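These notes open a run of structures that come right after.
One chain, chain A, links the two complexes that follow: it is found with chain B in the first and with chain C in the second.
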Partner chain A sequence: MPCDDLHPDTAWARLPGPLPAAHAWVDGKSWRALAARWRTEDGQLAALWGSDERPAGIGFVVHAIVICGGAWRWMSLAAGHDDPRFPALSELFPEAARQERALFDLLGISCDVGDTRPWLRHEAWGSTDFPLRRDFAEGAPKVGPADPSYPFIPVRGSGVHEIAVGPIHAGTIEPGHFRFSVVGDEILRLEERLGYTHKGVAKRLEGLPLAEGGRLAGRICADSTAAYAGAYAMAVEAVSACTVPPRALWLRALLWERERIANHLGDIGALCQDGGLAFGHTQFGLLKERWLQTHRQLFGHRYLMDMIIPGGVAGDLDLAAVALLDGECTTLLQATRSLQNIIDDHAGLQERFLGTGRLDETQARALGAAGLIARASGIGRDLRVFSPSPPYDTLKARIATRAEGDVAARVAIRFDEIYESLRLIRAILAALPDGPARVPCGPPCGVLGLGAVEGWRGPVLAAVTRAPGLGSHHVHMHDPSWQNWPLLERVVLGELVPDFPLINKSFNLAYSGHDL
Partner chain B sequence: MIAHLFMRQGVQILFVLAMAPLLAGWVRQCRAWLANRAGAGLLQPYRELLRLLRKQPVVPHEASALFVATPYIVFTTMVVASALVPMITIHLPLAGAADAVVLAGVFSLARIFAALAAMDLGTGFGSMGARRAMLVGFLAEPALLMVLFTPALISGSTSLVVIVRQLARHGVILYPSMAFAAVAYVMVTLAENARLPVDNPDTHLELTMIHEALNLEYSGRYLALIEWGAAIKLFVYIGIGAALFFPWGIAQGTSSAGLAIAYALFSAKLATAGAGLAVIETVFAKLRLFRVPEFLGTAFLLAVLGLLMRYLFGH
Partner chain C sequence: MHKLLRQILKTGIHPRRPSAHPGPRCGAKASPASLTAELGRSLAVRHVDSGSCNGCELEIQALGNAVYNLAAIGVRLVASPRHADILLVTGPVTRAMADPLRMAYDAIPDPKRVVALGDCACGCGVYTANYATVGAVGCVLPVDLTIPGCPPPPEIIYEAFAALMRP
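Coming up: the complex of A and B.
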């Protein structure tokens, strides 16, 4: 099996928890060599981040997780104490580029090659202050207003001009700056500038006991709160040697699928609106609203916040609730199918969707597309299938893929996933195991913990590193938007400026989720 | 007699000024109903105008006098246009002052000033909107002229008053050429008034805007004048459409009873046209920007077909 015959010099240790993951400490040479081999074996870089382990005497550490043939490989590299450096992975995995830039912004760990412009840094910290270092004083004085001299890559030529959009937009949407170089209404180049939502979440998570961080982790990205809280809980359970009861695992899957449906409904409605079909927006808005009201009624929160906790699930369902949820699936299935017929038959809307913002499979593979965007470009990657933790191992989720990679494909994937999630929800409700829905989670005892959930955007990761004697820990939460934001820059090339909002909405990436 | 004439003219202008926001509210309310929403009510545009008029406007530092003058110019041209169209009665002193071609020119004047003012600041969105507005405008205008020429051929004059009098006198005759012209006119009206499928009046996505992009820097009373002007423009376009294609009921005489009936009939025409517009905007999605020339090209073609049919076969 590929990826399993491991580098001879590397000692791999199996990680606790349901994921087929192993960890190893590597040196700079094997760091590159391993990454290079995984790249040739179609591995995907799942996350790249760093932590300050100077209190434990290890100095700064850079971590990378690669998923390769269903196996998870987590390698850590000691990057030094005073002038931490590490060999860049972005030449092998282009999706690493921005994570490498963020590594310098947050920890001051630099890599040998690549783009050295700041990514999350907006002049809020002094040039020698790095917020994720353990000795960074919280509440350090803010340094000046945002630097206007960020060097965007210019496009020159006759008739080329730039359109600067955001970070403040005409509508109530999240802050992001988009710099278009255009000729007339045709896009020659797009460059994104994000990092306007930095809240110091990663720093705060270091200061909270692991058992209490879940509330915060579930608030990193509200539309994926179940996925984030789930990944966080999995990681904490792994370092606490906590065995979650089966009922809790099944209820978690129920929540993840319901979250997926809620977001897909909202997205399809928003795509209709951006296409100018207000009817679709209202109808899908209505379906989503009813769905969320059921959340509020049964789980106490419209977006399912604080339901998934380390050790299990905070609530439970009685028989009446199970019947209600099952009935709701039937209603939604009928309503969605009839609306899909309308949308599929609407020539004007399909004209906007078809062929717009195409990402072909070759590009998607080369650039490391993740989650829903990858599946819309013909790459069948889904954690529920490739690393199925219970109950997905018995439910046998089916991956939805489309080959076209355009806006229409991303709409179709959302429909397919709604239907599949409805099937999964009914299967879960029919076979929900008895027993407790939560167990007390003991104090953390392990060193490393990994959690991963296929959220609606794609895989959401949580990685915990602990220094046991010192009581200090670091939690890295990873959003699939890290991988997919750069793809957006790619797919709009040659498209029309007024089609950008539609393409952007079909991606619907997180601003806040990747800016911790 | 003269005093009466000018009073009628004044009443029509006041009628347009007062009712234009109601028409905008009616279209929005119909769209809301068609989308299963409750809607904000018919009076919402009045509340918005009032809010904008009360607010202190913010003018960018870089703005020249053109930027500040443009809302007044646009508003005034729309009021002038509303005076030129025989909507209620053909006995209007100003309606004879300009023919259909001049009317098209009046609308262009407003468009040119709006585009110049948008470019005045040198912002990306302003010039983008100006570019797109001119693209739509220069394609819509010939189509509009072609539409106007068909009834002009039938009635032997480009004066709207003569056209209305002639057409109304003919009684209910179905001219196939006029049917082509009417379809083309609806398409031109959609484009000229920044409605779906050409432009989305409700969008908040600055990159997709045409008409809205021109106004992004305006606030307070300037924005109120522009919004009000846009409502009047839609009103006048429906008025022209009613005069050309449904001239029946426009008062030929000068009796008060006739005028009252004419006002009632015209209101009914407005309501029908507004509801029809809402249906169109609900049923169609927005066109890709570079499909707009095809859309307006089709309008032009239809208008020319109508003209040819009239010219060659006399239908």
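Coming up: the complex of A and C.
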């Protein structure tokens, strides 16, 4: 693989844990050079963030993780003490742009190019305060009007007007703002404004011992709680030299696949609803409800919160539970297949789905699409296949891809992935290793830890950096919605305003997971 | 079309089963008083997420499924605060959502009630006050009813609303 041919001047250190990952400290020149090379080799920027390491004498540090040819490369750059700066990556990886803006909002590390408007900072803290700096005086948020003047980019011309939507939306969804510029019903431009649910997660995690942060990590984005708690646990185990027993790894995969199915069932139902087929919403709502009731019966929580913990899994399955789960797979498979037949045959619904909100492969690749959205546009990116940690190395997951990139493709991918996850669940249940489901996770001893899970939206990352001498740490959690939100702005161009809810639902991106 | 109708017949009606949930962990206000005398026999509910992790939203959505079917007891989720009797708030209140939340409250005609749903909204969740978070809903609005849980299971939410609807 080309990416394994590492930069000769850079000292790469293999990271502990199941991921094929390596870390290096780089200078500004190699930072840019490496990123440029990975870009040409179809690498994906997995996350870009920063931390304040001034107490350890390193100054501010910017971190970037790129996945290239199945290998993970984590590079760190010392950005200086008083006026921290780093060379921007957004010229190479457009998906970095908002992460660079967030980096400035939280730490005051600037990169001097591109969009300098605040991203996560509304008016809770001042433009010269940086909450993730270790010397930030933590207090109550500023009072005053919430967000008086965010400079949206205007579109001018005859007949152009703006539609402002949010932060409170009409349905039961999370808050965010969409600014449409339209002529009649046609969308000329969409600009997203997020950050309304910023709750200072990274600052909170700095203040919690690593062993106790899992409960919070599992509540960053509830629909992906198993993926978040899993990524967090993997990262903590990596810095704690903790070897997780095989049974726990298999049970975790079971939970991740069940979480994927629960969300896909809900999404397909909601897409039917938005497409005008209430029947589909009712039917898939029932299937999801039964699935969640089984979660509560066997795992104690409908959404699997607090099940995955550093060291393993908080519960276990007996033989009766295994049989129940296996039988449920058969039932769900039959039910989903017959519903898919009805939906695929429903001309009215397909008319709404087909060709709507199309993201072609070239665009998706250029803009760094992640996870399910990438796969619906013909890009076969899936950590379970390209970077398989146990048990996925033996389960051999199959990637579902669709070339069309429209709403119909994003519906079809969800069906494909339900079937594949059912197959994986049955394979896991049939070969579940014996032994304990958890071991005690010792105190942290390492410096860097990385965890990653292919959640139902795409890769969820957790990166831990520790300063062992000072007893401090920083945890960065990353949701694939960072990469995919900007794509939504693209795919709605030229579409009709009434199709926006449908297209938006077919993406179903995270707000809280993004805003942190 | 025949396949669709056959599926509907096959699916049938799903009665709601009584709750087997042990109950919320942190202090719920005791059984809420009926609102029917004041608000009549239907409740229009405007939901606002003031910074939640989306867990409570999942359960509000679940209340609309065929097992709970909250609408059948006269409780409807509405799209505008102008149509609402009740403001249902989830999540801790983030700084960026405090003003929009107040504006939504002000837009609801009197008489009105505020229900805080979930541990964070009730002030006993993982998201306590910090530089970006104002705190529980009670820090911003007068709260009439709290429904704790992380997230509260749909049976608990259903029962709370059913109590408001009892004559």
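We adopt the following convention: the second predicted complex is superposed on the first by the 513 of 516 C-alpha atoms of A that agree within 3 Å, B and C clash if a C-alpha of one lies under 4 Å from a C-alpha of the other, contacts with A are read in each partner's own complex, and residues count from 1 in each chain.
Operating definition for what follows: a residue touches a chain if its C-beta (ideal position, glycine included) is under 8 Å from a C-beta of that chain, and two chains touch if they have at least 3 such contacts.
Model, not experiment: these values are computed from the prediction.
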Touched partner set for A:498, first chain B, second chain C, both or neither: first
Contacts of A:221 with chain B and chain C, given as first, second, both or neither: second
Chain B versus chain C as contact partner of A:57, first or second or both or neither: neither
First (chain B), second (chain C), both or neither touched by A:157: neither
Touched partner set for A:283, first chain B, second chain C, both or neither: both
Which partner reaches more residues of chain A (counting touched residues only), chain B or chain C: C
Touched partner set for A:171, first chain B, second chain C, both or neither: both
Contacts on chain A seen with chain B and repeated with chain C across the two complexes: 170-172, 279, 282-283, 286, 346
Chain A partner contacts - residues on chain B that touch it in the complex: 31, 34-37, 124-125, 128, 131-132, 196-197, 200, 202, 204-208, 212, 216, 281-282, 284-291
Contact set on chain C toward chain A in their complex: 3-4, 7-8, 11, 14, 47-62, 64-67, 77, 79-80, 91-92, 94-100, 104, 125-127, 129-134, 150-151, 153
Touching residues (chain side chain A, partner chain B) in the complex: 161-165, 169-172, 184-185, 274-279, 281-283, 286, 346, 348-349, 351-352, 496-501
Chain C partner contacts - residues on chain A that touch it in the complex: 122-125, 131, 136, 138-142, 145-147, 167-168, 170-175, 195-200, 203-204, 215-216, 219-223, 225, 266, 279, 282-283, 285-286, 288-289, 292, 296, 302-303, 305, 338-339, 341-342, 345-346, 510-512
